[in-house]
Every structure is written in structure tokens, then in C-alpha cells.
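Following: one structure in C-alpha cells, then a few remarks.
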Amino acid sequence: MTTAALPQSKTHRSWWHRNQIRITPWLFLAPGILFFAVYVILPIFQSFGISLQDWDGLGEATYIGTQNYEELWSDPAFYTSLKNNLLWLLLYLLAIPAGLFIALFLNQTVTGIRLYKSLFFFPFVISQVVVGLVFTWFYDPAFGLLNIMLGWFGAGPINVLGDPNYVTYGIIAAGLWPQTAYCMILYLTGLNAVNPELIEAGRLDNAKGWRMLWHVVLPQLKPATFIAFVVTIIGALRSFDLISVMTQGGPFGSSRVLSFYMFEVALSEYGFRMGYGAAIAVVLFLIMLLFIAYFLYSMYREERR
Amino acid sequence: AEHTAPLSGDMTIFSDMSNPAPRAVMESLVEEFGAMHPDLNIELTVIDREAYKTQIRNFLTANAPDVANWYAGNRMAPYVDAGLFLDVSDIWDDEMSANLSSTKEAMTMDGKQWGVPYTYYQWGVYYRKDLYDQYGLEEPQDWETFKSNCQTLLDNGIKCFTIGTKFLWTAGGWFDYLNMRTNGYDYHMQLTAGEIPWTDDGVKQTFANWRELIDMGAFIDNHTAYSWQEALPFMTNGDAAAYLMGNFAVAPLREAGLTDDQLDYYQFPAINPDVELAEDAPTDTFHVPAQAGNPEAGKAFLKFVTTPETQTRINAGDALGQLPVNSQSSVDDDKFLQQGFEVLSSNSPGGVAQFFDRDAPAEMAKVAMEGFQQFMVQPDQIDNILSRLDQAAQRIYK
Amino acid sequence: MSGVELTNVVKKYGETQVIHGIDLTVNEGEFAVFVGPSGCGKSTLLRMIAGLEETTSGKIRIGQRDVTREDPAERGVAMVFQTYALYPHMTVAENMGFGLRMTGHPKAEVKQKVNEAARILQLTDYLDRKPAALSGGQRQRVAIGRSITRGPEVFLFDEPLSNLDAELRVEMRVEIARLHKDIGATMIYVTHDQVEAMTLADKIVVLRKGVIEQVGAPLELYRDPDNRFVAGFIGSPAMNFLDATVQDGALQVPALGGRVEVPQTLPEAGRAVSLGLRPEHLRVTEGDSFTVDLTEALGGVSYAYLRASSGERIIVEERGDTRAKIGDTVGLAFDTDRSMLFDAKTEGRIR
Amino acid sequence: MSGVELTNVVKKYGETQVIHGIDLTVNEGEFAVFVGPSGCGKSTLLRMIAGLEETTSGKIRIGQRDVTREDPAERGVAMVFQTYALYPHMTVAENMGFGLRMTGHPKAEVKQKVNEAARILQLTDYLDRKPAALSGGQRQRVAIGRSITRGPEVFLFDEPLSNLDAELRVEMRVEIARLHKDIGATMIYVTHDQVEAMTLADKIVVLRKGVIEQVGAPLELYRDPDNRFVAGFIGSPAMNFLDATVQDGALQVPALGGRVEVPQTLPEAGRAVSLGLRPEHLRVTEGDSFTVDLTEALGGVSYAYLRASSGERIIVEERGDTRAKIGDTVGLAFDTDRSMLFDAKTEGRIR
Amino acid sequence: MFPTPIEKAPRAAQLSYQALLPLALILWLLPLIAVMIFSIKPGADFGNANYWGWPSSFEGFTNYGKVFFESEMPRYMLNSVLITVPTVIGAVALSAMTGFALGIYKFRSNLWIFFMFVAGNFVPFQILMVPVRDLTLDLGLYNTKTGLVLFHIAFQTGFCTLFMRNFIKQLPFELIEAARVEGVAEWRIFWYVVLPLMKPALAALAVLVFTFIWNDYFWAVVLTQGAESQPVTAGITSFNAQYRAAYHLMSAGSIVAALPPVAMFFLMQRHFIAGLTLGAVK
């Protein structure tokens, strides 16, 4: 045996060598934190600042205190957006059971099932811009497939995207399409992780069909459900692309949501109110904060275990 | 003479002339101007017309070109106020002021000129002459005929007007005409300038007139779902008989197969005989941004664009197909351009407006046009709409 | 209570047959243990009895009923899984009562049965906990409790203790034995732990490659294995096997340095056989035929690893006060009555 | 080669102290084994020696050097993990040479050392395989080989065999013993397997709750434990402890039905003590003080679980041909020389 | 595992399942199929109100030819590539580092820094819009691919860090300890031990980020303008504005725009799903 591989002297070990383990993480973190702080964290606070100003994005900004918020308070368009946001939140959640349903349907082993699964997953991969376009045509009052189908039942035609009563539902339905695909894949992977022994125990315990699903399978899919919930909520609150592509918030603003409204007042063709937009963003942020806090809390509990 | 002054260095131009024909015009302009100044290195960036509207503010503040497209009237106010456009009064010499007198006003703010126009075009009613002939209808001269024509068409299962209000501004055109015909040009200007409240009786009368058409069912169904282009097929298919639109609609209508025998134009008829006729004629412009790197070249380009020869060429039927702004230019002998020129030069005693979203401040335009769209769908909401507009106006014009 | 009877039971997965026609009777109240090397089909057979795997052919009877095609829930069996398979989202009480609830028993009855089972298994204090808050042994107890509540005719266990550490394993083993004594139900138990098999079973079923090698009481298998496989499988450390040939009415065993007389009826001369000697039946003596390669002292007992001059290795158990040391040269003695003989080719026992 | 010396070593995680001032010397070339119940701090102590956990206070010396505050890399130790911790993306040779390569040794040297280690561990044929293509035992060998190549002063093992199945465990155990004999390096080995501890160790360190209970050679601990904990911990099945009181220069043992004379120097009368009896030192006799609760027959040996009329339980190892049966009423005999006595309160040995 | 495997169900159920699958698929993908058919129709079909009928002639080549050779689409596509690829590389690289730091090292603020990334990842990005636009303007990166790339990298770092850290966290920590005991420097541990083990995560994440960025529309609109730097999502909208009501061309354009992520998905399917699983259902 030789000991050649060993450090022969320890006296001139540098400070770096001794403290390597302590310093390395910070070196590794530095670029990431820098980027993230500059582009994400700081802007959040800046937005708070801007929301207290009157600023057209071109000239000088003037500090106006909470005036933007006061105006929001009495802005009917804001309430429309808020109401639509809630609708989005609520209805978007349908993607979860729908995704579960499709996942259960596809959770079989027959030849070619993998191809089927990936084809079912398509809508998620496609840009929302394209999805919006496709659904705009689907809803088209003149030639849209929807109205043709309604025609078979002697109903319609419905001008989905032009009617303030239907438009939000119409866009949400379009959004549900890719979102359902997303939830489906989450559940498919979740189903993979279901413990077969528990299923068998359930079979011995006489749990069948729905009861098996409810009592044995669903509880095991909780992680998948949780993630599906989180991504769906976030997707719902971030909804922008579809509205922008399908209706531009119309007709007369009835399909606006907060994220679109703020874009509209701040940066769109006719919008020059950065401060007001920022105020809307802050409200949206506060709503989202509830969910972020919930998510972080669950993660915290998980970590502490 | 000035054109020959040697220019050198780099020059950038941002243009919103993104549709095929205007784009070709823009490219030829650059080429020609480049040929005049061989030492000048010109870079042209063409941006989608709709996108351009939201992006101009960014590039004006960040990486300003030397020349940029925009619109006349109130639409340029934010940039003028923010000092982002260069004062180009110096190129508006006497000769130019004289030649461009019809649009000089629209380029002037605070007594200075902030750019130059390069084209404008008439609005009016484009209609299916063959359908009118079929049902024995004439171009209407007054409101009553206008409505009775419409009734006849409706009785035959044809909508009087096509329109696509998805992008709002088409409804603005209707409001412009109805309001100018009901209350006159000056009233309209005061309204868009915030000097008359939206709850004024005059405005209500305008909407009452509009409502007559709506109640008749004069407009196609589901117009909120369409852009202006998507509304064209209703006219080409014969489901609707007319379109209140700018002259740019002619090209796609012709492309869709309508011949000049089938398609014709008339001036929007009088409603209130006591007011003088006034027209919408939106003017498109060129500006030199305040932060331009090569303003001299920019100004030279502006000058070049407004010369009578250039004007004649770029507005010709095979180019933009619109009206030249220089009175020394000749108008193409296209029948629509001739009629439009005729209307604007001799039958618009009340005045020439830019267009609703150029006359009113941007924010107000947005809110108001949204109101128009809502009104067209929910006419019963008019009181709500008007009080909302009034509230918005109080804030915006403050 | 009822016994279980398998008649010519066969299982195929597609083309591959994993159970090759098994006949087996487990009597009422009997504790049967399936042992065998990994992959021999123990679990498969158990799961077929449970109804979790379909039976390709053959018949399975539980008590008087032919259950071959019945649903698992209808067979009157309960199963305890290796990984416990407790429902993680239910409390202990809910876990134990789930089966009854699913078969529509009234709440009060469920509760009473759960309490009863909890009492037997000393789980009463934990009824409101979730499985995650229990230790391994407690979880396994809950899993057993769950099967008790349903009052099945047959209990099935698939390596129920293999996830526990050594100490707990011993404890739970004793507990299962006691449970069997208490409720006297038919139990079938899969394990690959010899000690479990030996200590728990009324009847051990030794499986190899989907075929039953021998069935019998534990000590019966230990003392009287039918073939080399069973002999080597039962007993720890495993039996030593020495190559030998029959010569002149005795064995020629190179490892032992020559001729050995054995009491068995020998086959014809020249036949290759294996001489089986259990470590506990060997004694180290003075001599020079073996060298001690390694010794392992465990306190009361130690094992000496001997190497014959022929190269074969032999393990000897020592309990006396003088024990072999590494490097020693020793001899070996054994009682020929306790040696066993197997045919080298068929591996069958030669008695 | 160098020994390891711990002086008053303490480890705290935040507020909770898990190692309570340990003093220990492991001599050069010695094979020390840490045993103790789960959570007693074996791994923690080992990892502190490796430098993977910081030492809260106290001193650790390896050879002549104080390494208490040094990074793991500087200590000249090699560690073999329970899960092998092989780099899955490297071949066996790369795995074994990685440390040398990263510390800047020339390729040729690395290669030579890897080959040397592979030879020792009979891994030469597998040098180009990835770990995934190896069996558990081979992986563990690679893990050991990896530590050999660097020629460390001290080898550390944390339950290296506990992921292997019983058979392989025996095999690898023998191999590690051989390795230690061959290279003679200082080795510290953590296990909770008694057999491993007994068979491998030159010196066993029994830990409990972060404190050393006793240090000594294996049979020393078996024969002469310092306290009840060690006595109960070493030996399998565990020693039986019977409550007793000192009376009239003898013991009053209710479980044994009365007075027992023992050779130890007894404390004052009335003192509560425990009488320790190893199962292998007990004999079942005719009698009526005990009933046989349960028996476990393992072939050569069987265990009888007796219950005294006082309720206490005793395990007896039986090897003879007649063995107790469940339900029998029996007596018990033992050699008082082999009994041990512990103070009931302090648990210390009374010699 | 659930529901009952169909191969154990009666023959009839198996057959009807097999038949139901393609039916369900067609129904599910109906909108896409429609667009696909649209894209090979002649423009005249739409004039003749033959929206849903069989194409009167196959004009796939004409339509796609127009998209590829007579529009800005190829340029937009190129922009998308030039935006997406650097972003993927940047975000994955940065987050591999942050994930390593957060997953391997124990230090007091570890969890909080991690939470910062996670929370930032879920922020409604509209709130960043105005300041980020200003920042980009100030940096002189407005309307450059670089500006967009930098922002995307920064924003994606949140999600990627969540993903990477969770992945690294579940690597056997002994591997790192083994390397430390062997005297390997920390950065070498990252490079030689952790990075090779993260390959599946890197691939999965790369695929995920690729689709996210390729499909981004919002930031493309906020931070860029014009064909010179906008990605294809913005390109398709202006393309569509240009060809409004020319359904065959819009369809062809949309399909072209959607193709790369779809192709990516098909090629990297395994990684993609692994990505969702690793990053999400963890």
C-alpha cells in the first residue's frame, strides 16, 4: 500500500480549500439570482411603484398616490375583468376532471396506445395563438363547425365570440382544450405511479368502479391533482394569448380579464396608462399571491417532513 | 433643388405600410430616394400595420429611426406632447404650405408642423350597383331615401350594410358620419375635443338616428365577430348591399371579383339639412422622430415624399390608389378616386375630419368606440353607455 | 373455516408458463408456507388463490366452493401484502373497516369489528393515526388487522415480514404464530426466509420453477428431504454436498480422502452421487485432510470454513469450548446415519 | 497506516445532541465495528470521522494529524456506503480511478492502481462495465475497490452489506475479512448485524444513545459484558433477564420459583437485580415451573418459548434429539457459572 | 393499473374499446384536423362556402409555397429558432447551477432562495410587463432577440430551478459524499458527477422550455416588433392580419408555426413526459 494519493502537507492549504463547501453554492447561485432578481423580483416592486404614478410611458411620470386604485374601485371595466377572471378560475378547473377522465380512458395497454396518448397530448404543445385561431373559426357564426353542428339539432346559430353573454365561456372552452391535455398527461403519469398493491387490496376489499376510483385511486393521485390544480389556476390567471387572439377583449370589453385589461390600458393601440396598468397588475398579483402562498406552504410542509 | 444636396451616412425608416401594395410603394420610395443620394445608406423596416400602432412609442423612445409613419390629427398628440416628434416647420415653406393647404391644419399643433402627409382617402358608401339596379334603387341624397332604400333591400332579404366591428373602429366611421350629418362638423370636433359632454342632446339625437337603422336590422348579424375584411364577403356574396368604408376597401372588393359595373360609390347623404356636409378623410403621414440620428436626411425624405411628382406617382391607381395631398398632383382616373376627389374638394363644405380615433384622444377613442359597438348590439343601453363615456371624458380631458 | 384445494392449477403469461399444474390441499385451520427460490412462482400461486391473477386452467376450491372464476372479493380470502398496501389517506380504523364498509355493513358493526381486531393486535391506541405515523411493525399489524376484521375463511400472506428489520421480524413472527393459534383460520404464507418457514408452518410447500418439489412438516423436510434441492434449501447454514462415486458397495469421496461406508442402499457401482452433510452434524477432529480457511465466532456457536485438499469447501458448526482457528489443519468426523445421499444427475434422494 | 483517535467528540444538530462526548482509539491496522440500536449515532460518528458531518466539539486525529476541521478530501480516509454510491455513468475502471484522476494523478499511475485493486477484488473482467450491469455483490466490490485505489489511511464502512441478500452477505463478509487480512489497513465498520460484528471485528464498539457502552473484542463482549445493555445486545437469541432480589446471600428469583445460589459477589440484601441467562446455556428438564408457549424448530436447533408461572418469558435453545412441545410443562437447568448478574437500576454488571 | 386492464375484459369490451379510441381521437383533434384540411384547400373553396367539404383540388403545395416563399414566415421561424435555442441553453445552464447549489448544499437561506425562485415562477408575468419593457428599453435591447432571450432566460430560471433542484435532490446524496471523500473539488463534482447524472433532466427540461418559449406570444409582443426580431407566434398574427379571411393561407401558416414544437414533442416524447413527471408530479 502506498499513501501517495494523500495530501502530504496541510499547512499551505488555502483558505479556499478549507471553505470550499461553504462558498461554492453562492458562486453557483450568483448568475441565476442576478438574472432572476433583475428581471423578476425587482420589477415586481417597481410595478408597485409605477402603480402610484400617472405616466403615459413617454413623458414624465407624476406621483399621484393611490388615485389609480381609487379609480379602479369605480371602473366597471375592472369589475368585468375581475368577474371574468373568477369565471376563468372556476371553469378552468373543469380541465382537471376532464383530464382525469381521458387519462383513465387511455390508461390501458393495447397496441399503439402510446401513439394515441401522444396525439391526445397535441393541443398542449401547440401555441395558444394557433389554438385561438382554430377556435375562432370553430365558433364562426357563418361557417363555424359549432353552428353547423348546432344546426343539426335545429339550434343556433350562436355568435359565440360576438355575444357578451357567451364570449368568455367560448374562450374558456378553447383554453380548456390544451389545459385538459395537460392535466391528462399529469394524470397519466400519476396513474403510472399508482401502487398496484393498493388496487389489489381494494379489489379484495370489494371496492369496484367508482368506489375504487374515489376511495383508492384518487387519493393516490393527490400529487398529480395538486400540480394539475396549481398549473390550471396559474394558467387561468395568466390567460392572455387566447383573449388577445380571439376577441381582443371584445365585444365591448366583455371578455376582458385583468391580465388583458392591463395590457390594454398600458400598452395597446389606445392605451397609455402605465400607472393604471400597473395597479391592475398589482391586484392580479395579490390574487395570485393567495395561490402562491398556498403552494409554498404545501411545499414547505413537504420539505419539513 | 434641395433634393440634390448631398446626404450621407445611415438612415433608417420604420413604416407600417405592410400590405402588399403600400409596401411596394414604400420600397420604391426608398429606392428612388436612395438613387438621389447614393452616399446614403437607407434601411427600411416594415412593421405590421396593427402591431405598429402599439410599437411606435417604444421605438420613438428607444431606437428611433429617422423617418416614421403615423397619422395626422389628435393621434399624433401624445408624441408631440412628449417631444418625440421633431418640429419640421422649416420644411413647410410657402410653396409647400400652399400645395398642402388641405392637410396642413391636421399636421399643425401649437402652431408648428410635426410631419408631412403623404396620402389621404375619402370615406363613403361603397355599394352593389347591380343590386340597387335590380330593386330600382337610386343613390340616396337624403336620410329618408337612405332608409327607404334600406327597407326595400331588407324586404328582399338583403342586409343594407355589412360591417365588422371586432376591431371597433369601423363603428367609429358610422358615428363620424351620423354625428357630422346630425350635428355638423364643428359640433363633432368639439365633441372629440372634449368640449361637449357625451350626454348632450345632440349626441343623443345622433344615436337616435343610428338606432333607426339598427332597429330596422340594416346591419348584418354577428358583426362583432368580424374584422372589416371578414365582413367583405357579405357584400361580394350579395348578402349585403353596401359598406361604409374608406377607399382602401375597393381593392379587396375588386379582388373578390366585383367589377366596376357592380361596385359604385356615393357620398353619405344629408340627415339634418341645416348642417353642411363634412367628410372623413384620414391622412397618413411621415414624421421625423426627435431622437433621429440623421434628421437632415429625414427631413429631405419628407420633402421628397410631398413633391407633386412623387405624390402623383405613389397615389396612382396601380400604387396606393388614394388621393394625393399635393394640390399640384394629378388624381388617378380611377372612378372612385375621381369621385372621392370630387367630394372632398367641392362637396364637403363643412370640413374634413381625420377619423374618430384620430380626432379624439386615444383613450377616449377606445372607450367611445367600445360604446358604439355595444350600442350596435344593445341599443337599449344607450343611457348607460353615454354616461360612461361622459365619465371617461371627464377624466381624460381633465 | 375452510381448507383450500388446488387441482392441476396452471398459469401462463402469454406463452410462458410459470405454474405447471399444481395439486395441493391445505386443510382447514392449517398453516401452509410456500418457500422456494426467487421467481419460482410462490407469489403467483398465492395471488391465484386470492383471485388477483386469473387461473389459466385447473380448479381452485375454498371450502366447498369452486372459486376458480370468482372475483377476489367473493372468495372469502384476505391478503396481507409485503408492502402492507395500507391506504395512506385513511386512518388505521378506516383502513381496517374499509372492506366491511364496501360490502355494506352497518357502521356500528364495522366499528365493533374494528375495535375487536385492534384489541387483538394491540392497536387500540393508534386507531386514529394515519399509516405514515406508524412504525413498520405497527403498519404490518394494521395490515393483518385489516384482514382479520373481514373474518375471512383463508388468510394469505405474501412475504409479510420481509420489509421489517431483523428484530421486528422475530417479534412479528411470534405474533403471527400466536394469531394463528388464537383464531385457528387457514393460512397460506409465502416467504423466502427459512426461519419463518420452519417456525410458522404446519406444512411447508417447497416450490421450484412452478412445480412442487416436496410438501411436508418442517422437521420432516429437514430430516427427510426428497431430493437434493429440498435438502439444500432447508437448513442453515446449508447442507454441504460432496461429490462421490459408488465403488465396491461404498462411496469414494475425494474430499474426504477416500472410502466412506454409508448405510443407504447404494446404486450400481460407478454411479455419481452427492453426499450431503449438514454443518451441525459434523465435528472437527484432529487430522490433516482439511485446512481451516476462516472461522466465524458468534458466541455460542461458531462456523469453521474448511477446505479439502481436493479443493471442495465444507462448513462445520462448532459449539464446544475448543474451536478451530484459522490456518489449523484438521480432520472431520460425522455420524454416517445422519448423512444423506443424492443421485448426482436426477438429484433424487437415495435412501 | 495510522490509527484514529477521538477525544471527547460531540455532535449537536441544532439543539439536539446526538453524540455525547465520545473517547475512542482505534489502533493502526485494527478492524473496529460500531454496533448499537438504530438511531444510536453509529452513522453520525462514522461520518464525523469522514468529515461529512461537522464536529461540534472535541478532536479527531487520524495518524498524527488533527483533522477535526478539515474537509473530507483532506483526511486520507475512504468510505464505502450502504448504497455503494457508484457513479452510474462511469465504468468500473473509471469509478475506481475517479478520485485519483481528479486529484491530478497521471493516467498511467491511475491505470496501474486501478488494475491492482481490480486484481485484489477479482474485478478485472468487469472493468469496462457500467455499475448497472453488475450484481449487488460486484457493485459492493467495486465500491470497496474504489476506496482501495486511493490507498487511504483509514477505511470507513457504513453498513456496506445491508443491501445484499442473505447469501451474498455471507460471501461478502468473508471477502471483507480477507481484505483486511491482506492489506492490513485500519478499518471502521458500522453494522447492526450481529453476525457481521462478531465475525469481522477485532474490536466492537457498542453504542447507545450517542454514548459508548463498551469496547472490546467480540467474544470478550459475549462472555464478559459490562452491563445489561451489552449483554442483551450481543448474542442471538438475546439473553434472558429474570427479575430477582438479593436475599440471604443468594438470589430470590420468582420466575425460577425461589432461591438460586450464584457465584458472584452479591450486593446488600433487598437489592433488585437481573439474572441474565443466555438461551444456549439453558437446558429444559423435567419439572413443572414452566409451560412451553411456543416452539420454533429450525432443524439442527430449536427454540422453546417458556412462560414462568410468574408470567416472565424465557427462551431456551435446544439441540438434543428430544425437544419440548407446545403445552408441555417443564423445568429449567443451567450452570450458575454461566449466569450473569446486573443491577436492576444502574444496569451495571455485578461480577 | 386502473381501471381494470382491458385485456382482462371480455372480448366485446376489448373490441369496442379499440374502436372507440380512434373515434375519440378524431373528435378530440377535430379542430386541428379541420385546420389541416383548410391548409390544402384552394382559396376558392372558401368563396364558394365549401368550408367543410372535401377540397375541390389539392392546393397544399401552392398554399405552403406561399407561406414559405412569399411571406415573412421563414424569417419569423428563424427568429423563433434564434430566440428559443439560446434561451433553452441559457435557462438550462443557469438552473443546472442554481439547482445544484440548492439541491446539494445545506445553508440557512437555502429554502428561502428556493422559494424565491418558485414564487417568482408563479407570478402573473403581466406585473413584470411595464418594468421589464422599460428595463429592456434602457439597456438598448428593445426589439432585439437578445433582449427577449435575456428576459426569457431570467423568467424560465424560476421554473427550471424548481425542476432541477427537485431532481438533484433525489439523486443519491452519497454520490456527492463519495466524491468529496475522494478529494474531488466541488466544481468538479458538479461537472463530472452531477451533470452527467442530470442528463435526463436536462433533456426533459430542454424540451419543455423549448415549447414554452416557442409558443410565447405575450413577451414577443411586449419586447419586440416587426419581422426583424419577432418570433413566429407574433409572426402568425401579423401574417393572419395580412391574409385575413384567406383561410387556406392562415391555416397553412398556423400549421407551419405549430410544426416545430409538435415535431419536437414527437422526437423527444419520452423526455417530454419525463419532464412533466419529474418537474411536476414530484
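In this document, chain identifiers A, B, C, D and E correspond to the written order of the chains, with residue numbering beginning at 1 in each.
To be clear about the criterion, contacts are C-beta pairs under 8 Å (C-beta built on N, C-alpha and C of every residue); 3 or more make two chains touch, one makes a residue touch a chain.
The structure displayed is predicted, hence computed values, not measured ones.
Asks: Using the contact definition given at the top, which chains are in touch with both chain A and chain D?
Replies: Intersection of chain A and chain D contact lists gives C, E.
Asks: Decide which interface, A-C or A-B, involves more C-beta pairs in contact, and give its chain pair.
Replies: By number of C-beta pairs in contact, A-B is the larger.
Asks: Which chain has its C-alpha centre farthest away from the C-alpha centre of chain D?
Replies: Here the answer is chain B, farthest from chain D.
Asks: If chain C and chain D share one sequence, what is the angle of the rotation that overlays their CA atoms, in steps of 5 degrees?
Replies: The superposition gives an angle of 175 degrees.
Asks: With centres defined by CA atoms only, which chain is the most remote from chain C?
Replies: Of all the other chains, the one whose centre lies farthest from chain C is B.
Asks: Let me have the rounded angstrom distance from the C-alpha centre of chain B over to the C-alpha centre of chain C, please.
Replies: 93
Asks: Using mean CA coordinates as chain centres, what's the chain C-chain E distance in Å?
Replies: Their C-alpha centroids are separated by 54 Å.
Asks: Return the distance between the CA-based centres of chain A and chain E, expressed in whole Å.
Replies: About 14 Å, centre to centre.
Asks: Name the residues of chain B that each touch 2 or more other chains.
Replies: Residue numbers touching two or more other chains: 50, 54, 61.
Asks: I need the residues of chain A touching at least two other chains; which ones are they?
Replies: 5, 7, 20-21, 57, 216, 267
Asks: Two or more other chains in contact with one residue: find those residues in chain D.
Replies: Answer for chain D, listing residues that touch two or more other chains: 71, 73-74, 99, 103, 150.
Asks: Which of the residues in chain B come into contact with chain A in the complex?
Replies: 50, 53-54, 57, 60-61, 78-79, 81-84, 165-168, 221-226, 357, 362-363, 365-366, 370-371, 373-374, 377-378, 388, 395
Asks: Under the touch definition given earlier, write down the residues of chain B that touch chain E in their complex.
Replies: It comes out as residues 14, 18-19, 45-52, 54-55, 58-59, 61-63, 227, 229-230, 232-233, 236, 256-257.
Asks: Over in the complex, which chain E residues touch chain D? Could you list them?
Replies: 172, 174-175, 177-185, 188, 192-193, 196-197, 199
Asks: Quick check on the complex: what are the chain E residues that touch chain B?
Replies: For chain E paired with chain B, touching residues are 47, 133, 137, 140, 142-143, 221, 225-228, 234, 237-238, 241-242, 244-245.
Asks: Which chain A residues qualify as touching chain E in the complex?
Replies: Chain A residues touching chain E: 5, 7, 20-22, 24-26, 28-29, 31-33, 35-36, 38-44, 46-47, 50, 57, 102, 104-105, 107-110, 113-114, 116, 118-123, 125-131, 133-135, 137-138, 143, 145, 148, 177, 185-186, 188-194, 196, 199, 209, 212-213, 216-217, 223-224, 227, 230-231, 234, 237-238, 240-241, 244-245, 258-259, 262-263, 266-267, 274, 277-278, 281-282, 284-285, 288, 291-292, 295-296, 299-300, 303.
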